[in-house]
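Chains: A, B and C, in written order; residue numbering restarts at 1 for each.
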Amino acid sequence: MQLNERAALNLSHVREKKPLIHNITNFVVMNYTANALLAMGASPVMAHSEDEVEEMVSFAGALVLNIGTLTIDWVNSMLKAGKMASKLNKPIILDPVGSGATSLRTNSAKKIIKEVNLSVIRGNASEIISLKDLDSKTKGVDSIHSVDDAKNIAKMIAEESKTIVAITGPTDFVTDGKDVILVSNGHPLMGCITGTGCTATAIIGAFLAVDENPMTATATALAFFGLAGEMASKKAEAPGSFMIELINALYTITPEDLKKGCKIN
Amino acid sequence: MQLNERAALNLSHVREKKPLIHNITNFVVMNYTANALLAMGASPVMAHSEDEVEEMVSFAGALVLNIGTLTIDWVNSMLKAGKMASKLNKPIILDPVGSGATSLRTNSAKKIIKEVNLSVIRGNASEIISLKDLDSKTKGVDSIHSVDDAKNIAKMIAEESKTIVAITGPTDFVTDGKDVILVSNGHPLMGCITGTGCTATAIIGAFLAVDENPMTATATALAFFGLAGEMASKKAEAPGSFMIELINALYTITPEDLKKGCKIN
Amino acid sequence: MQLNERAALNLSHVREKKPLIHNITNFVVMNYTANALLAMGASPVMAHSEDEVEEMVSFAGALVLNIGTLTIDWVNSMLKAGKMASKLNKPIILDPVGSGATSLRTNSAKKIIKEVNLSVIRGNASEIISLKDLDSKTKGVDSIHSVDDAKNIAKMIAEESKTIVAITGPTDFVTDGKDVILVSNGHPLMGCITGTGCTATAIIGAFLAVDENPMTATATALAFFGLAGEMASKKAEAPGSFMIELINALYTITPEDLKKGCKIN
C-alpha cells in the first residue's frame, strides 16, 4: 500500500474505532492534547497516579509518555504503566521533552527507553541527540540543533532499542535504524504555539492504536498533523487563532484530503 | 415559579453576587473551568493543598469536587474541604470523572459520597452506574451507557444519599429520588471538546451558590450551559472554534435569552 | 531614553534574543502563559521539580515564581530555584496569587520575599496589601481593594525589600519605593479571562531578561500587555474570542506600534 493510502486508512480507522489513548503527560499541554485527540476522533484519558495507571492502560489502544513538567513520582508512574503496556503488547510512544536540559529529564528518558518496550520515540533534534550524547546540552525545551545533526544518532537509537525514532522539524525524519521516511508537511506557525511537539506525539499514539506497523503509523500521523498545520495557516495568521484552527483542521480533514495532501517520501 | 423564570433569576443572581466557587478539579480542565465561571459572572478559585482548602472554602459560595487526574493526596484534600463545607452548610457538588474505569476513581467517589454532605452528583451514565454496580466497567472517561440505562440507579443513589443526581447526555436527567426534571438543551459538538461535563458541574456549582433548592439549581444550570452550546453551534462548526464560542455564549446570554431558550420539563 | 522608546527597544530585544523564561507557576495558567511568552517572542519553560529547578534556571534569562494552586513542595522548589537565580544574579519576579486569602499563600509569599533576591513583585491591590497587613483579608484570587488603597504599602515593601512593586488594575502603579510610574494601557475584558495577572507577571519576566533596570522593564512590559488588550478588544467583544485575540496581539504588535501606543507617565 502507498503511504498516502495508508495515511487515509489510519485516519478512517481512528474515527471508526475511537481508540482510548492513555496519556501520562505534562501540565502545560494536557488540555490541548485532549482536545486534539478528541477533534481527530480518538478518545483521550489522562491518568497518572501509581494507584490507577496499570488498570487504566489495560483498556487503552496506546500509551503516551511525555516527560515535560516532570517529577520523580511521575517517572515511577510512567514506568509502571509502561511495563504493564509492554506486557499487554500495547504500543507505547515516548516524548523526551527537555531531555538534555537537566539530568532529571535525560536520565528519566534513558531509564524509560531501557525498561519499557517502546514502539516510538519522538523528539526535536536536541532531545534525540541528548539520548546518546552525554556532553550535549539543550536550552530549555526548544531545539538548538537541526534535524540533520541528529539523523545518525536517531538511527543508532532505533537500532539499539528496536524502536522507531522520529525527529520532528521543518522536515520530519522517521527511522527504524535502517530505512528512513521523510515527511515535509507542516507550517512555521506550529513552532509559535506551545505543545505542538507533544500533540504530534499524542497523534502518533492514536495512529499506533490502529496501525500495527509503527513506522508507517508514525510517518502518516506526522503527515496528518502537518497537513492540519497547513490548513490552519490558511485561516490564521497569528498564533492565537492558529491554535484554534489547528484543532478545527484535525476535525475537518477527511481521509481523502489526507490522501491528496500527504508529503511523505 | 416556573423553571424558566428560576433559570433567568439564577443567572441574574450569579452576575450580581459573583459568588466565589472553590474548585478542586483535574489538571485537564482547570483553565477552561476557570474561564467558563468567569465568563458567566462567577469568581473561580482553584486550591487543592490540604494546608489551605479549609480556609479557602470558608469564603466560598459553593465547593466543586472533581476526581479527574486523581491521586490519593487530592482525595484527602477533597474530603477535608468537603467536611468543612458540610459543617458550614455550603453547597457541594461531586463530579465522579472516570468512576468505573479504575478502583481508585470508583472507591474515591464512593468515599466522598459517604463522608461529605453533597448537594449534587453530576456524571455521565457510566459514571453514575458505577457508583452502585460493582460489576459495571466503563472505558476511560467517556460513557458507554445511555442515560436511560442509569435512571433507576440515579434515583436509588439520590434517595439513599439525600442528594440530587444528574445524568448528562443528549437529554439530561435530574432527580432527587422521587421527582424528575428533564433538560434537553445542548448540542452534539459539546461532546467533541474536553471537559464539557466538568464545566457543567462547575456551572451547577455557581447556581447552587445562589439557589437554595439544589434540584432547580441543577436543572436550570444545565439548561443555561446547554443553551450556550446551542448558541455556540450557530457560530462554529468545528471543535476549536466551538470551545471559544461556548465561552463567549456564557458571557453574552442574558437572563431574558435564558428564559426564552430553556428546554426544561 | 523616553519610556516609550525603552518599551519599543525591550520588545525588539526579546524578539532578537528569545530569552528562556523559567516559570514555576500554577496549573490554571501554565498553558496560557507559555503561549503568551511564545507569541511575544520569548522561549518559555515550565519546570518545578526540586530535582531540576537549579539546573534549569541556570540557562534562564529570568525566573517567574507564581503561588497559585500552591502546595508546600512547590514552595520548596521556588525557594531552591530562587536562591540559585539570586546567586547567579538573574532577575526574579514574584506573583503572590491569592496572598491574603489563606495563610499558606500569605506566609509562602512572605518567605519568598525574605529569602530570595527579587527584582519585582506584581500583584493586585489586595495581594500587595496582604504582604504587610496581617488583618487584611481577600476573597479568593480577585482583588477587593482599589489600587489607591495599596499605594503606600507598595512603597513600603519596595523600600524594605529593595525591589520593584507593581500593583495592577485599571491604572498600574509601579514603584521602587521612591519614584512612581503609572501605566494606563489595558481593557476591562482583561479581567474577564483567567490568568491575565499571571500573564502580566510572565511578560515582565521576559522584559527583565533584556532590560537591566527592573523599574523600566516592569512599566514597559505592563504597557505592552495593556496595549495588547486594547488591540484585542477591537476584534473581540466576549472573553472567549478575547483570550485568542490577546495572544494574536502579543505576536503582531511591532516595536513601532508599542512606541506609539504606550500610555506611561
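Assorted remarks:
Please note the rule applied: a residue touches a chain if its C-beta (ideal position, glycine included) is under 8 Å from a C-beta of that chain, and two chains touch if they have at least 3 such contacts.
Quick caveat: nothing in here was measured; it's all calculated off a predicted structure.
At the interface between chain A and chain C, two copies of one sequence, fewer than half of the residue numbers in use are shared by both copies. A turn of 120° superposes the CA atoms of chain A on those of chain B, with the angle given to the nearest 5.
Distance from the chain A centre to the chain C centre is 33 Å, each centre being the mean of its Cα atoms.
Counting partner chains per residue, chain C shows two or more touched chains at residues 27, 31, 243-244.
Per the touch definition, chain C reaches chain B in the complex via residues 26-29, 31-32, 68-72, 98, 101-105, 139-142, 192-195, 238-241, 243-244. Those residues of chain A lying in contact with chain B across their complex are 20, 22, 27, 30-31, 34-35, 38-39, 43-49, 51-52, 55-56, 59-60, 243-249, 251-252.
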